[in-house]
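Structure first, commentary second.
Think of it as A, B, C and D in the order they're written, each chain with its own count starting at 1.
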Amino acid sequence: MDKTLALVLLLSPFAGFLFNVFFGKKVSKGISGAIGTITVLVSFLLSICFFAQLNQNGKPFEISLFDWISVHNFKLDFGLLLDQLSLLWLLFVTGIGSLIHLYSISYMHDDENMHKFFAYLNLFVFFMITLVIGSNLLVMFIGWEGVGLCSYLLIGFWYKNQSYNDAAKKAFIMNRIGDLGFLIGIFILGMMFSTLNFVEMKQALSAGNENTLILGAAALALFIGACGKSAQLPLYTWLPDAMAGPTPVSALIHAATMVTAGIFMVTRMNFLFDLTPYIQNIIAIVGAATALVAASIGLLQNDIKKVLAYSTVSQLGLMFLALGLGAYNVAVFHVITHAFFKACLFLGSGSVIHGLHGEQDMRKMGGLRKAMPITFWTMMISTLAIAGIFPFAGFWSKDEILMVAFEHNKVLWVVASIASIMTAFYMFRLMYLTFFKDFRGTEEQKHHLHESPSLITIPLVILAVLAAIGGAINLPGNTWLNYFLEPVLVTKHEEHTLGAHEYMLMGIALAGAVFGILWAYSKYIKQAFVPKEDAEIVGFSKTIYNKYYVDEFYTFLIVRPLNSLSNFFRTTLEPALGKVVFSFGTVANGIGTQGKKLQTGSVGLYLFAFVIGIGAIITYLFIAK
Amino acid sequence: MDVTTILLLLLVGALVTYFSGDKLASKVALVFSLGTMAVTLYLLNSSAQLSDLSFYANWIDAPKVALAFKADGLSLAMVLLTTALTPLIIFSSFGNSFNNSKNFYALVLFMAFAMTGTFLAADGLLYYIFWELALIPIYFIALIWGNGDAEDRKKAVVKFFIYTLAGSLFMLIGFAYLYTKADSFLLEDLYKLNLSATEQCYIFFAFFLAYAIKIPIIPFHTWQAKVYQKAPTVGTMLLSGIMLKMGLYSVIRWQLPIAPLAAKTYMPVLIGLSIAGVIYGSIVALRQKDLKKLLAYSSLAHVGLIAAGCYTLTIDGLRGAVLQMIAHGFVIVGLFFAAEIIYRRYETRTIAEMGGIRAQTPRFTSMFMILVLASVALPGTFNFVGEFTVLYSLIQINIWFVILGGTTIILGGYYMLKMFQNTMLGETNTKVFADVTTNEAITLVVIIGFLLFFGLYPKPIVDLVTPSLHQILETINR
Amino acid sequence: MNTLIAISGLGVFCLIAEIFNLRKLLVPVTILGLLVILGLTISEFNTPELFNNPMYNNMIVVSKFSVAFSSLFIILTIFLVALSGDFYKEHLTKISDFIAIKIFLLAGAVAMISFGNLSMFFLGIEVLSISLYILAGSKRLDLKSNEAGMKYFLMGSFASGIILFGICLIYGAMTSFDVEYIKSLSRSAELPIWYTIGVILLLIGMLFKIAAVPFHFWAPDVYEGSPSMTTATMSTLAKVVAMATLFKLLDVLNADIDYKFQIVLAIVSVLSMTVGNIMALRQNNVKRMLAFSGISHAGFMLMALLSMATAASTLLYYTAAYALAGIASFAVIIYVTRDKENEDIVNFNGLGKTNPLMAAILTASLLSMAGIPIFSGFFAKFILFTQTITTGYLVVVIAAVINSIISVGYYFKLILAMYTKEAAEDKKAVPFVYHAVAVVAILLNIVIGIYPSLVMNLLN
Amino acid sequence: MNNVINEIGIENYIFLASLLFCIGVFGVLYRRNAIIVFMSIEIMLNAVNLLFVAFSTFRQDAEGQVFVFFSMAVAAAEVAVGLAILVSVYRNVGSIDIANLKNLKG
């Protein structure tokens, strides 16, 4: 029975996908959207069932469906594993997924290809579920690549615009760089353990005696995979570009769920990473650096979605920082709260964009507070949450990260704190530019300003509520999440006793956030500063505004050489190689042409050759011994 | 009933097709090819022991040559690939009209006959005869029914013919030499030979020349792109879908077990060369302007990986190679067919002249997309199973091989998606693109169905080929 | 011996037939006669009591070898005579001469292959050669034919002088023309140096006949200038005869050929293949191209002589394969060029469309010559390679393989012309006889390709 | 007779014949007039005939002399054909210079 239910949980979104692919065009848009939403909702409800069951008996549930791939030292089955970690992920994936589906019914209503949009979204949820509940690394890899594919499809959803397609392609390829790493990690682990099943690998590792060098290589390879998917340095550049997709996509895939797959994977493999402290250090450093770099770029972006994108990268960096420090539960906590407030922020920005008929530049917004009150208030709550203001969800989770960082390494703590301050600044910059002061867009737009319909606002409200109170799952002193995750983590996380030390850190964090907010307030409210046109940005600001020219750097370093190499191969080397083969023929032909001259037609010459031949043969026979 | 039934059916099919006249030819050919596929499937399921299907009869006394056909998992898997793809290929051509179609379809069936023979033959000379025989039909198919400038085509096709023939002739010397040692061409007898290391090297490289040109492994690939481009799509499909696999199959069946010492000695070089092909093919494909040429180079990259798998001499390498051969056979046929579908409507193969097709034909776009994804080995497609297994075998040799070979994952994604973007996406094209016809859709759906089904459940094929590969591996490690 | 007498009788009959005005019936009657003789010869094959049974003072020795080759010669002559009917239709008055000469040529050939005495050999080769001189120059008014005849005559009689000199020196050493005697003596006694020189001169004379490098220069010119019918005869029958005779001579004159001479043979063989193939690449005249191709095939056949023990069957097979393919291709070539001024490759343009059957046959015969499987040319080469590798001449085999590759280049030039170029003229009717000859020849070729044992087992 | 040969030595006969033969060969090689070329060929053949007779006597064997008859008959036939060809060449070209026969080449 459970097996059937698990299958329904997995396949329900897939059924929605099939329906929308084959019949989506024939039914009305509403039905197509409703089917898409309901199928995800079914998964959500089933996840709750399983979650309740697990919460009761604490027994993970594993099923094996059929044999899939076999190699010389092991066989892989297509198996599902429903344990604490995967159910937790399922809950927010399907939960937020349902909300975003609901939101999309209204948001995408005017698009002619709405059924396709829902098909892709459903497919995404299906793959995300696969990723989360796979019982071995390779099934996870199916989901891993599958969500990458859906991300590709959805970023390039408006396929008529080639720059969107470029962004989609870029996302896919940068993900694939990571995927190669992931695959290599899988290979190494497969070679070592003769299995890829999480439970079995964990058992094998607990026996110890493994070569830490090889383990380190595997861990590093897996981390590269995580970098690709979760947009960490140096593979993060695809995520901001991915904002080309429709906003619900950004909310679902590029903020709440898919990009957290890397964190999921590292947490899943925590028993491996715990044994490789060097790699953990690398993860922590990469995470902190990403948080800082992305946050700094976010400071000066003018596209509302770009700001949120960099914010996402930055927050993901913080999560990796926590992972690197071995605080998996903290990272997971932040993933969850982040999912709430970031999804809310994206959906809110979507609501704004919807209201402005596609305008994304904050310089042309402003004063929307009155026209869109629900949007404003929900976004405000989420902004407070992300900025880390007490007692919103983000405060608790971010504070935990900072605390862990402080315990391990002061430098990392400083970096993370600066990133947090910047976060507070750019988020409020976003709020001020969007909702305060006067409207800076056209009269036409101003005329049409309105609050979004209820299908859009309901998810916003729900998410805002969660963003406000979501921290409750892991309050200091009430650490439900920590207990819940205990079975899947190897090292136990020590409790913080809330001493003076901790309160002081909380205070510093809060103060930093407030500082960021005030800084933004002074600049954008007091001085009523509006960012300049692109051309007028100069100096270091320009560097930041242009994202430190990282894209250009990559183009210069990799894409261009590759293309010129390709051109060289195509236009020079290929014909040359071809000529080498032809040259045999050419030479033979050339000799033939010359040889024709020898055949003069003169009998005398022929006879002469004849006699020479006789002479040569006789001479040879008598001289040679 | 044994495997000769398949061969006879194809040969008779070719004759009947020839005499059935231009109007009926395509249908007759389809019926026969479907019949062959049915017979193959029936044979596979009819007997408990695959070896019961083998056939042996004396043919020539001096030199001793036998009509020996060996049926084991490996050969039958390849036969199945041939007999399954042939009807698809024939059916896919229903939208084209050919002059002298009776000749055309007869040649196609004859080629299928020769290729099936190559996969089944267990006698060196018999094998060689089928190997060469397969070359003649494709030569004429490409020459007479090909496209593009006649002079250019002629040059490319003749080069192809002479080049591959040249390689094969060295293989013939190899066989002649082996005969002087074993006094027999039978596979078993050749397996039993005790050759010295030097002899093995000579044999190995005589065979290698033939296979490297056929597969092709760089730098012996120069015939490929031009011929793919110039041949009619049916010919290209036959070449890329099945004929390339002849070379790879032969590596597993003939080259490695007969000269294992040489294979072991030169393993790094061979794998290195194969992997260089992967990278080189991918990079060249990046900037191709012609759709068929791009697919040709993608094929170069893919077969490079397969060859690398073969040369690892591990069970995973061999198995992955076989799986990938089958998967690649289907996917490349599908992709070339997609190119042909576009050509039927736009009469161009230049990518720059395409674009903006998606809005006009969502059905075709989806199918094309799935093929592209299968080609880049997305998990869930059969290609992933093959590629995964091959890469897994590479890491058993050296981690650098897998890192370099794995670039196919990245570069493959790059050029295929770029191609897809430039051909299908973008602002709606001004030229009308009629939706795919039912016939076209059936072909594509069958291919896609195959790839997806076996992508999730490759067990039947794995179970079919694994025992025979273990046997071969035992011979290699004797 | 009966064969030889019967053939000569048939030749005389052909000459007389003119008197009785049987010209129109001449070709069928001759073919019938040849078929009867073929039957007779084949029946001899199965009557071993005839073998090694001295007759006529050991002038003729019948053996499996000679019978097999004689049968092959007769079959080839049948084809050639069959084609003559149409070819000489404008010279109907002289047809009996032409046919008679061909029959006498055959008589010479049979004498050459079954000689038991060097004088018989000499007579045979002279009968054959003189017949060919006449045939080469038989287009009296055509300058090219005259030139071909003249060149062939000059060089041929020069070679005859060499051969004669060789025979003379051998006689001087052996005191006999009887080959059995020479054979046994050559193994035992100390021989004067001029014996070796004599053997070499004799063999060089034969190398000239088969057109091996460097004695090949006459071949392209003569092939091109001669009437096509004669070219066909020269390139099939005459070449095969000379080759078989060369083998027999080597066999009788010195049972174990000296290693040094093997080297010479190997070098001449490789040179012939290479020069023949490379020169053929740039030819535009089909007959000339086939002349060079013939030179390269001579090189291949010489390869067989490197391993004398097994050479007989190999040679029989190779020559049969080569000659049958040659007959088939010449049937097509004669048909295509019969009312053309020359035999340029352009005349074959579009043959694939205007006459698919003929084009297919020519293609098949060229593929056979190139050594593509199921055609007997493949097996011929393959058996040759195997045998030569066994003997240890791997280098020669590699050279041969490279040459096979080159040869594809020019064979395919012709095939390409037939299938890819546009035809200059419309389809024209094909006289039945061309079809018949071409189809039968190529079918025979394929049959022995599929069942090589048919031929290979004959001499075992 | 035998004594004569023994006294002179068979080698000398061979040298003589060879010399004659070579003269013939050089005649063929260097002369352009077809008739003279024919004659040179005849010299070659006759040199051989001479040697045959010498050997025949030396070996006390009649076969060699019989052979000479064959060879003379054959040579006659050959020259007859040759002259016939020469006549038709002359009719077409108006010259018997073999250096003019260079239409077939390449």
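What we mean here is this: a contact is a pair of C-beta atoms (placed from the backbone, for glycine too) under 8 Å apart; a residue touches a chain by one contact, two chains touch by 3 or more.
Fair warning: this is a prediction, and the values are worked out from it, not measured in the lab.
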Of A-D and C-D, pair with higher C-beta contact tally: C-D
Between chain D and chain C, distance of the C-alpha-averaged centres to the nearest whole Å: 27
Where chain A and chain D are represented by their mean Cα positions, the distance between them in whole Å: 98
Mean-CA-position distance for chain C and chain B (Å): 43
Cα-centroid distance, chain A relative to chain B, in whole angstrom: 37
Multi-partner residues of chain A (at least 2 other chains): 585, 596, 599, 601, 603, 607
Where chain C touches two or more other chains at once, by residue number: 150-151, 154, 158, 220-221, 409
Shared interface positions of chain D, touching two or more other chains: 25, 28, 98, 101, 103-106
Complete list of chain pairs which touch one another: A-B, A-C, A-D, B-C, C-D
Chain B to chain C touching residues, read off their complex: 59-63, 125, 128-129, 132-133, 135-136, 140, 143-144, 150, 153-154, 158, 161-162, 165-166, 169-170, 172-173, 176-177, 179-180
Residue numbers on chain C that touch chain B, as the complex places them: 313, 352, 367, 372-374, 378, 382-383, 385-386, 389-390, 394, 397-398, 401, 404-405, 408-409, 412, 416, 419-420, 451-453, 456-457, 460
In the complex with chain D, residue positions of chain A that touch it: 596, 599-604, 607-608, 611
Of chain D, residues touching chain C in the complex: 10, 14, 17, 21, 24-25, 28, 34, 37, 41, 44-45, 47-48, 51-52, 55, 58-59, 61, 63-64, 66-67, 70-71, 74, 77-78, 81-82, 84-86, 88-89, 92-93, 98, 101, 103-106
Residues of chain C that touch chain D when the two form their complex: 119, 122-123, 126, 129-130, 133-134, 137, 140-141, 143-144, 146-151, 153-154, 157-158, 160-161, 164-165, 167-169, 171-172, 175-177, 194, 220-222, 224-225, 283, 288
